[in-house]
């Protein structure tokens, strides 16, 4: 609760204030070595998987396209290292399913410079043309949804985009990669914003940064373009400030209508790191072969932000930061929304912004009590849903009722409700179960 | 003896003298048709309507009976008229609002055997209510019945989401809820009566 | 499905299809007049009489009543016998009449009656129809009596008006108030459920 | 007021009242008449009222309407006893219909004594919950998670979880309602006719070696059943043997005899039989979790 | 790496849990208990102890019968017991207290499935039951601060089980308290039109239930809980606010007939009810508007019962009735979710 | 396949059946009514006498009267009471002397109407006893009006004499809080059952206020019954 005389920082209603553990935010980004073998899944984005265009035994150069995009809502995959294709076979992925991947044995002796680039002359291209060029560099959203960025930027028919929101909130605890990018690569972010504005046609861009990253704000301010089309707005440090709906609400006071996309209210949102990569890679015509990943957590001996080649298996990554033997639970992403994984053979992909390792003690299962109707979850839900009722319904498998009467599909799984529940009821998990059931049933019908 | 004011009658029949919770009238639909709000509300309204119809017809019928000195026929004539009225309402709804009928179909005939309907007719006669008082009595009774039904439905919908022990599930838990509701309504005793 | 014997018909209502504990019907008198065992039994017997007589008549007339006036005719028949009982009780004892209050007249609206008339008597020959009805009536009486006993014992410290616990017993007034009726009924329902549960567990145990 | 007077007045009064009401009702039932086939009610009364939808209609009432119009055969209601369905057929004067009994079949045999785990799942005890939380930790990503959602949803208590954490369907109780099919996150259940006796109890599409490494009873796509079965009955697809039930009539027990892992089985009445060469597994305790 | 553990997101938690909340509520009630023991001595102490123990016993027996895990450790039964005891008159016979305790837990809670599943406030169900069962005993009041209160019990306290309590008028006279009228301030107002002073209420110098005495103490303890976010501050605010408003309206129209709003606020169980019982989470709504309406309903019904009903005190029944309406209040006041457009298509 | 049976509305059969059933049932009822009427009447009379004898122990016989604005009439010959009449009972002792008047008072109590029968002594112009006809008050509280000796003492001689103009009571009967009775026309309430006590008082007040002014001018008629 904010007292009346306190200065108001732009924010949204409800939400939570978890412990942030953002110690790695002060460490500069460092480079990560190449694992002996890289496992590059063909599907690292939302949309159709890429189609492999290499064969087993073929030698590939770093930056070379090894799988091509399958249509507009797909992205090409570039070789993350120079080496030889050892296999194209299923490997485990974070959902627990198996996915096709190209396995590259990395040439140890190679310097691993990017060997293949395909630069275009970007001047004079209109928005759609620029988007097509953008597809070639294979950038997917780094904010979590891994939607192909070029496709996201093109305004849907009949929509006029008036604002590009650049999401620099990074509200998840532990994660600091966006923070470091803003501090270290402000210039490239600005370049990326420029390209993105050209594609989506927005006359202005607003960068939203939480007030616990004021050094990032300073760095960005120094790099702002002179024409004033880009502004920075500080928002309250609160989870989930970075979610599209809440940030849009905090910055513009607009609400995305239920069941619609944010483009319907003239807004398109990109993550800062997404735009940093666009700004860096697009002029060079270089493919995405690596990304900055926060590696942290109580079980990690050398936490930090690392530039990790895509396809690096977690086993190798955790070994290197001194975590493998002490880790009990490994999470891809932040602690609030990230998924725990069942296998260390899973590789780092374009959507992995953080790898967190927790020790035995931190993953103890608390006793679950029945819901005591305390309403904490209702007061925490940033979407103002009714998690109490949905949780009770889910326990009785009343999934249809949840969807019909309680806006199940609007839940963006931020986890605030589970976080505050004194009964330790796994609310979000139940909502995900409900959604997955309804989706499966719809697909099979 | 029958100098109760309209407001008093209304208040008494809705709260402290609630047909269901204090007078035990209309228990069967109260326990039977209260699983869901979506059926409880139309059922309550339909019953309230029939109660009103029954009360008005009973009032005039009673005038006739008194005129002919046939008071001993009151039960049989009231109930027959009620039964026919319900059947007419049922046919009417079936013809004009088939959708509503599909939802309520099974419950409509039940109203005939709802003690509250006959109860209103008999009690208003026994208390020598005049027309306005009878009207207030039946309207209050209908509202009270609907109120109890709706409260009960809300509680039972909630019960469906809790882990009621198997032994208590079903009728027992509804009866207990009814008891607790009735216990709560005891707090209203005295309202509308007394000074 | 072999045709049930008349005796089975009779037993059905007392136990397997007990109108109070199994079918949960006729709740108004069940709750309203069971403040004492005597009231309960009188009400039960009155209902039994009406049930038996009207089911017999309905069964006799079952072929000559058109479907459209079915309900109206049944209810007229039931109302007749209710009125008969009403006056009979007035003639027998005014005290009892006062105690049972309007609920005697309300037997007409007791769902058990119309339910039995429609579901059983209208489809069966007179003999089984009446036996079934009387069985139901006894089942109903039994249920009322069970409830009435508990309410009278706790609520007044008496049974059949005989003091059980001495003059200083503190009566549990709630038992004779409306909520007490609900609670005692619920108690019996739980006892029935527990008994059922125990029985099915036993039979399952024997099978295994 | 004399008795005679009283009786007379009563008689006249009741006669008037009775006939007047009947008259109203008669008018009303003419004016407000809505035709509805009375047999629908009769049929509905004979149905089990479980509204399970196993017959493919939207509940029992709908089924009754469809049987009356002849769109569906009485026997399609698998929950009802045959006797009741016979009553319905007799009532409507139609053929009972001959519908093969169908039951839910599980396409996995990997209990926790033969299938390896790579992680220990410690959340909400439900298969689908496990599957949305990183897949549940079973090494075979196709296999049964063993947390019993199917047993939980079956309204007919037809599924129990056995000691190895696999669901077992009680064929007598199963009504083919399909709830277990819907709930299983791994899509392991399907509704099948009881005459389909040759059955593939594995879904693992991994490379043969990988598959056998994750689960001792996985199909290794060795092809022996393809050779031993009738021509065209069984084929290999995605590292699995696939049975073509169009040719079900040709199915013979011989097809399973040489299966080395026992992934393909013969279902006879209540019991599942494996081939003679299938490896014998005597272990019953769970395998340890290995990352 | 020994074994990978799989857990569902979120992997972080606020750290709050049910027993901690419940334990804190118990702590916050201890000063109120202490005050009532100071006022009424041994009898109050015994009553609180016996009722709480019988609640715990009922809970224990229930978990044994139903074969569920032991549920004593969540502390909620302690709250029920203490609150129930605080709403009873200090002279209440102990055996009736035991009946109240068992009813509270069994009828009020266990039958619905235990913690959090009960639609009505268990403590109040316990009290409503004994109020209906033993109406005389529960409306028998004794004066506070009798000289021997720490060495002897009020005679009714130790009534033999199932027996009627003795008449205590004589005993009260013996205590040298002849000015005592044997009635609560509210009864005195209702039947004699005598209003007690505000100061007496604030400091607890009035005859009442064990825990309905010092308004200030209750306020402080309640505020502590509200500050720690263990209770929803909106509920007491709307209960007290609506009661005050309605009372003020009546007072303005007929000042000689209806007492001042402060009297309504401070007398009887309103404070205890508003802060500790209306706020019971299991039985109150959760949606924002639902919560406000719930509080308002309690306030209004309380005043209505007090002014027009046959009873002197209506807080308990008002809360129970609002409990009954809580599911409906929730249903019809679902919050507007972010981005939802109502009415407009 | 759709050879569904056609349903017709047999109007005449409906009218005939329901009419016939109604008549038969009506006759049955009339029969029973006529048969039981004497017994029921006798019962009612007996009950009334029992009550009256309780409040007026010397009573031996009871005559029912109606009091109207115009005067009093015996109920015996009348089919139905005259409009606005109040019923009361003249009670005679063994010597056929007027022992007192009994009348009913009723008012809303805690749960429902409390109906009491009170005995009025024409000599003393006071109420000399009450008995409860019916009530649904809470057992243990409200029903103390039957048993509480202190309360019953109020009615050993409750002053109800009329004012000089004979139009109303000199002092309205009033129930007062326990222990504060100060006049012979006041009723000392039962502590803890004030609501019911007040109902009794209010009922008596209402009844006497109407009945006594109508009754007193015609006392002579009662003293010498025809």
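Order of writing sets the chain letters: A, B, C, D, E and F. Residues in each chain are counted from 1.
To be clear about the criterion, contacts are C-beta pairs under 8 Å (C-beta built on N, C-alpha and C of every residue); 3 or more make two chains touch, one makes a residue touch a chain.
Bear in mind that the values here come from a model prediction, so they are computed numbers and not experimental data.
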Touching chain C and also chain D, the following chains: B, E, F
Intersection of the contact lists for chain A and chain B: D, E
Of A-E and D-E, whichever chain pair has more C-beta contact pairs: A-E
Taking each chain's C-alpha mean as its centre, the one farthest from chain B: A
Far-end chain from chain D, centres as C-alpha averages: F
For chain C paired with chain F, centre-to-centre distance based on mean C-alpha positions, whole Å: 33
Intercentroid distance (Cα basis), chain F paired with chain E, Å: 44
Distance from chain F to chain A - Cα centre to Cα centre, in angstrom: 85
Shared interface positions of chain B, touching two or more other chains: 72-73, 76, 80, 84, 87, 162-163, 168, 173, 176, 180, 183, 186, 189-190, 193-194
Contacts with two or more other chains, residues of chain D listed in rising order: 1, 6, 10, 13-14, 17-18, 21-22, 25-26, 29, 33, 118-119, 121-124, 129, 132-137, 291
Chain C: positions in contact with at least two other chains: 68-69, 72, 76, 79-80, 83, 87, 173-174, 177, 179-180, 183
Pairs of chains satisfying the touch condition: A-B, A-D, A-E, B-C, B-D, B-E, B-F, C-D, C-E, C-F, D-E, D-F, E-F
Of all residues in chain F, those that touch chain B in their complex: 22, 25-26, 29-30, 33, 106, 108-113, 195, 198-199
Contact footprint of chain A on chain D as seen in their complex: 118-119, 121-124, 126, 128-129, 131-137, 141, 152-153, 182-183, 185, 187, 205-207, 291
Of all residues in chain D, those that touch chain F in their complex: 1, 3, 6-7, 10-11, 13-15, 17-19, 21-23, 25-27, 29-30, 33, 35, 37-39, 68-70, 94
Chain A-facing residues of chain B, complex: 160-163
In the complex, chain B residues that touch chain D: 68-70, 73, 76-77, 80-81, 84, 87-88, 91-92, 94-95, 98
